[in-house]
Amino acid sequence: MGLTHLDEAGKARMVDISGKAVTARTAIAEGHIAMSAEALAAVRDDSAAKGNVLAVARIAGITAAKKTADLIPLCHPLPLTSVSGDFTLEEGGVRVEATASTTWGTGVEMEAMTAASLALLTIYDMVKAVDKAMVISGVRLLKKTGGKSGDWTARGGC
Amino acid sequence: MGLTHLDEAGKARMVDISGKAVTARTAIAEGHIAMSAEALAAVRDDSAAKGNVLAVARIAGITAAKKTADLIPLCHPLPLTSVSGDFTLEEGGVRVEATASTTWGTGVEMEAMTAASLALLTIYDMVKAVDKAMVISGVRLLKKTGGKSGDWTARGGC
Amino acid sequence: MGLTHLDEAGKARMVDISGKAVTARTAIAEGHIAMSAEALAAVRDDSAAKGNVLAVARIAGITAAKKTADLIPLCHPLPLTSVSGDFTLEEGGVRVEATASTTWGTGVEMEAMTAASLALLTIYDMVKAVDKAMVISGVRLLKKTGGKSGDWTARGGC
Amino acid sequence: MGLTHLDEAGKARMVDISGKAVTARTAIAEGHIAMSAEALAAVRDDSAAKGNVLAVARIAGITAAKKTADLIPLCHPLPLTSVSGDFTLEEGGVRVEATASTTWGTGVEMEAMTAASLALLTIYDMVKAVDKAMVISGVRLLKKTGGKSGDWTARGGC
Amino acid sequence: MGLTHLDEAGKARMVDISGKAVTARTAIAEGHIAMSAEALAAVRDDSAAKGNVLAVARIAGITAAKKTADLIPLCHPLPLTSVSGDFTLEEGGVRVEATASTTWGTGVEMEAMTAASLALLTIYDMVKAVDKAMVISGVRLLKKTGGKSGDWTARGGC
Amino acid sequence: MGLTHLDEAGKARMVDISGKAVTARTAIAEGHIAMSAEALAAVRDDSAAKGNVLAVARIAGITAAKKTADLIPLCHPLPLTSVSGDFTLEEGGVRVEATASTTWGTGVEMEAMTAASLALLTIYDMVKAVDKAMVISGVRLLKKTGGKSGDWTARGGC
């Protein structure tokens, strides 16, 4: 199977979706940021008080989902019907799960992936005064539903 | 050490940098996207011909670096003096290294991290027709120079 | 009635509108900027000649309506079908009335409110060399039509 | 005194600031949103729990300050050195005070005014399911410091 | 025939398209940048190696098409279903042809025109170290299909 | 002379300007849109009344200058100190001349060129209901001052 974003001469293009069915589509992406115990405590203590690090990261993720077509050159603009983000404090870091939905002729995988990535980058930004060595990993698509290619679930996904 | 993006009452703010010295600053970030052999071959073959996947990803990373303050809520706008991105095809995937520089009162870590992340997300977007299970990992700061806190290098960094 | 932008755990989210009916919707918002007689004369005289202050403010309002989903974190992106702005020079200041329409699954109240606000802020910007003490007031929704919750008119609204 | 954003022929332009001194400048703006007791209770209860309405509004204000030059047609782009927002729950509504700073050749009044306005619009958006009749008022400059024209304080300002 | 973007009082507005039929629409625009033989050789040689000037210009054009409603004040936002760009090296310069499509209630002429213009401006930017005297000309609509006004082809167009 | 936006391996990058002198720099660009007599009359008559087509085009050009680094992938962000646009109604069309200035380590040619192009595209948008065959031509740099490479004037330029 070839790369659909390149035409037969290898040139980049925004793929034509005009013939694709407009259906309800959802995508869930996840990701993780590993941090020191001190950094995680700073996130947790803040969270106990006002929840600001994760509240800011959640807004950054939701806002980024709406900018996806401006950030990923060959992504189609699409009308998001919902976006949300959930964070879990785990041993060694924070896990994010981002969900995006649309009713459109193309999928929302990139919107969910972008939301997860920007939420994690925002955590990095807010915590880097405590720990510069944090690492973002495991950013991947967990699940997609809707569309011609049908549902898809990552191995070990939800 | 506390989270500088939150004031003493735990409220988010853009930290005051007006008293910080304007100096030359550089940051290097790296990241990796793991993919199937088939997907990697698609990137490589395209690369042999026209280099478009990586060319598009490079532009996406550079452009994203310029949008960092719009994407990360508490980041300061800053005047980038250079941005670049390098890709390495490795066994199992593609590695990106992004470098950003400024002459300003605050660092460019987030610009380099954002460039690396968006370059990898763009690869995901362009290759996902071949492999939806790709995973972005190891997005971290490799090195920063300049500024009051001085130089910093990740363990095992360049 | 609860705050729909927060889920049951109090976390921010973009509300799911995928099940809502796509219907024609319109919203009208108004607002006012109070200014000194000297400032108002400057707007009026300019208006007599070339109309530039209000022409620039009108464009700022229309353009801002299109950016609403980028400005208000939990707003849905929606396809505006029309936007317009009307100004009235009154004793003591300028009144704006902004109208926005869409055919979509959610209302355009925020688009009309944002258009009115940015039109007034632009007047402030262009006239502040004459009067820094101008005050923006009375920014409110006058009327909305369409959608499941039906029509709504402000007390004393049009 | 004339309108500086219009040249002698009445045409709009971005005023030339190349000869102006680069100095530290700060501006404080305030504004208020009036709402029903039920709506205010919803904000307060949420605030007691997670603070999300005001946390989201604060981020919206800070982010909007960074977009000011993109929103107000004749505003100069300028490098913000800090932005913050404070909210007070009052009888009848919520008051916001936004502070912006730069070290540049022009003032940050519009950045502070824009931050206050967008914070209030975001509150409107998040609470409108409870009360559509909320009114934004009293958006004005409280104080500015720095620059050739010197300090300025609103009558009754801080 | 009057100017539809101005109401009967001559004020700018975003025309109401709510009553227009949602149909498939396509527009093709072209343009040309004239340059010295040395500059053209630089583009060609680069093209022979990695194709970067034209690859970057292509991405700039596609990305700009998605920003059209943000750039042209009275343009409606619309959901692009495809965008592509083709370049031809000619004697004396480079010709671009940009194609944009949507299924919507208004046409995509401005998206195609904007894509062509930004692709040419990007070539200018990347080649200006070699030749500052390049001239962009012949930016025009070649063809449009779909919509109530029907198909239209420029004299001498494709 | 090589293409500075490509490194020795032909890869795109944002050129390093950290060592370049911060000096006052100005650039002037021009362009022209040819239109039918009927279209030109529509612009002229509107201009006689309220000047809206050219007023909107002027704002579009100024606003676009501020977006240049977001539109042209390898352009540096820079702090514009002034932007203006002048229009001349000529036989056969409208001529625009855009001037941009900065005090920075790189030139403002692209900002002036982008302002001229978007002003012309906006005229196209507002007049296309009368004449779809309009052609944008002669978009070029007229003059630049400041910077290491010194002043430059186009043959036949101002």
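Order of writing sets the chain letters: A, B, C, D, E and F. Residues in each chain are counted from 1.
The definition used in the following text is that a contact is a pair of C-beta atoms (placed from the backbone, for glycine too) under 8 Å apart; a residue touches a chain by one contact, two chains touch by 3 or more.
Not measured: the values here are computed from a predicted model.
Chains touching both subunit D and subunit F: B, C.
By number of C-beta pairs in contact, C-D leads when C-D and B-D are compared. Centroid analysis (C-alpha atoms only) places E farthest from subunit D.
Once the centre of each chain is set as its mean CA position, subunit B and subunit E turn out to be 30 Å apart. One inter-chain figure worth recording: subunit A and subunit F are separated by 37 Å, centre to centre, where each centre is the mean of the chain's CA atoms. Each of residues 11-12, 50, 52, 55-56, 59, 63, 67, 70, 73-74, 79 in subunit B touches at least two other chains. Taken as a contact graph, the chains fit none of the simple arrangements: neither line, ring, star nor complete graph.
Those chain pairs judged to touch are A-B, A-C, A-D, A-E, B-D, B-E, B-F, C-D, C-E, C-F, D-F, E-F. Residues 7, 11-18, 69-70, 73-74, 76-79, 104-105 of subunit F are the ones touching subunit B in the complex.
By the touch rule above, subunit F contacts subunit D in their complex via residues 24, 55, 58-59, 62-63, 66-67, 79-86, 101-103.
Interface of subunit E with subunit B (complex): residues 50-52, 55-56, 59, 63.
Every residue of subunit E that touches subunit F in the complex is listed here, in rising order: 1-6, 9-12, 31, 38, 42, 46, 49-50, 52-53, 55-56, 59-60, 63-64, 67, 70-75, 109-110, 113-114, 117-118, 120-122, 124-130, 132-141, 144, 152, 154-155.
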